[in-house]
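Lettered A, B, C and D in written order, each chain numbered from 1.
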Amino acid sequence: MPTDAQNACFEAGIKFGSLYHQFAGTPVSPESADSLARAIEESIANQPYCEAVRVTIRRDELEAALEDATADYTELTGRFLDVEMDIEYEGTAVQTKMEMEDGYPLMKLVSVEE
Amino acid sequence: MPTDAQNACFEAGIKFGSLYHQFAGTPVSPESADSLARAIEESIANQPYCEAVRVTIRRDELEAALEDATADYTELTGRFLDVEMDIEYEGTAVQTKMEMEDGYPLMKLVSVEE
Amino acid sequence: MPTDAQNACFEAGIKFGSLYHQFAGTPVSPESADSLARAIEESIANQPYCEAVRVTIRRDELEAALEDATADYTELTGRFLDVEMDIEYEGTAVQTKMEMEDGYPLMKLVSVEE
Amino acid sequence: MPTDAQNACFEAGIKFGSLYHQFAGTPVSPESADSLARAIEESIANQPYCEAVRVTIRRDELEAALEDATADYTELTGRFLDVEMDIEYEGTAVQTKMEMEDGYPLMKLVSVEE
C-alpha cells in the first residue's frame, strides 16, 4: 500500500500537471498577466488537498518576448511562470515549485514533512 | 477573395473556439468563478480585432451542479458560461454570443454591420 | 530531501494531471475515440520517467451519453476514460490508474515498489 | 440577419480556434507526431459543418527544435502545424488554412463559394 507521504506527493504532482496543461497556450500580455495569475491560483486551489497556490507571471520575460514581436501578446508557457504550491494530505505537508531549467519548466518537490 | 465582413465573422469564430477550448475543464467553484471570468475576458481580448469580451459564470448553475456532489468544485463547461463578444475588422462590426441550446453551448452571430 | 519513491509518485501525479487537463474538452465520438486514445497514450509517454500509458475511451458510456443527444459527438471528460500508467524513477516503479468514483475521475496510486 | 456565407465563415473560425487551443501544449516528438495529427483531424471533424480537416505536424521543425534540447520532446505550438479545413454551411463552401507569418500562426480564409 502506498504511504500517506507517497499519496501526498502524487497529489502534488496532479496539481502541477493540471495547472500547466490547463493554462499553457492562453493568450497573455503584460496587461492581462495579473488576472490570469489570480485565476490560475484560485482554480487550482479548488482541487483536493491543495492548501496554497502562488503564481507569478513574469512581466520581464513577457516584455522581452514581445520586444521584437509584431503582436502585443503571446501564449502562456513555462518560461513566463513561477509557481509554488503547498499540499497537505493526511498530516503530510508537501512544498513544491516550478522553475525553468535548461529551457524546460521543471516541477520539483521542495520538501515533504510527515 | 473573402470580403471584410466574411473575415470579420471568421475572426469572431476564432475567438469563440479559443475561449471555449482553452478554458473548458478548468476547476471552478462559486468562490473562484469571478477571477476565472475576468481572466477569460482579459486573455481573449488580447487577440486581434477583439473589441470587447463579457463573460459571466453562472453561479446558479454551479450551485445546482454542486448540490448533490461530494466535491465543492466542478469543471468549467458550456452549461456554466454566458459569453458576448464584439469584433471589429476593417470597419465591419460583429456581435456574437454563446448560449445553451438542447444541452450544447451554441455560438452565434448576433449581428454583422458593414 | 524527498526520497526517490516520493519523487516517483510526484512524477506519476504530473502525468495524470497533464493527461486530464490537456485532453478534457476534446470533441469525441464513438468513431474518433480510438485515434484520440492512441494520441493521448503516445503524447503522454513522451514525458520523463513514463514507461507505459494505456488509455481506453469507453464506447458504451459514449453511446449512452449520445443516445438522447441532438449531436453525434460530445466532449471528452473523466466519465469516458480508463487510464493506467507505469512510472519508473531511479529504481522505483509506480503503478497508477484513474477510475470514476462518486461522479469524479479519481486518480490513484496502485503500487509503489522500491 | 447574418448571411449564410457569414455564418459559414464564423463556423470555420470556431473550428480553428478550437483546434489550436485544445491541442497547443500537447507533448510531441517526431515519433508521436502522426498519432497526434490523426487525433486532431478526427476530433475536430466531429464538429458541425466540418467537411474535412488535414493536419500535418512538421517533422523538420520538430527535429530542428529538438536538436540542441536536453529533452526528446517539446510542446505542440503553431510553428509545428500545417492545417487546412473545409467547412460547408447551407450551401456555402469555405476553405481555410493556417500558416506561420512573422512568428505567429495565422489562420486564414482561402475561399468562400456561395
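We take it that a contact is a pair of C-beta atoms (placed from the backbone, for glycine too) under 8 Å apart; a residue touches a chain by one contact, two chains touch by 3 or more.
For reference, the UniProt names are A, B, C, D = Dihydroneopterin aldolase.
What you see is a predicted model; the values in this text were computed from it and never measured.
The chain pair with the larger count of C-beta pairs in contact, out of B-D and A-B, is B-D.
Each chain gets one centre point, the mean of its Cα atoms, and the points for subunit B and subunit D are 20 Å apart. Rounded to whole angstrom, the centroid-to-centroid distance between subunit B and subunit C, based on C-alpha atoms, equals 27 Å. Averaging C-alpha coordinates per chain places the centre of subunit A 24 Å away from that of subunit B. Shared contact sites, meaning residues of subunit D that touch two or more other chains, fall at 18, 20-22, 25, 71. Interchain contacts join each chain to each other chain, per the touch definition above. Only residues 20-21, 24-25, 69-71, 75, 77, 102-104 of subunit D touch subunit A when the two sit together in their complex. Residues of subunit C that touch subunit D in their complex: 18, 22, 25-29, 31-32, 35-36, 38-48, 71-73. Touching subunit C in their complex are the following residues of subunit A: 2-3, 5-7, 9-22, 96, 107, 109, 111-112.
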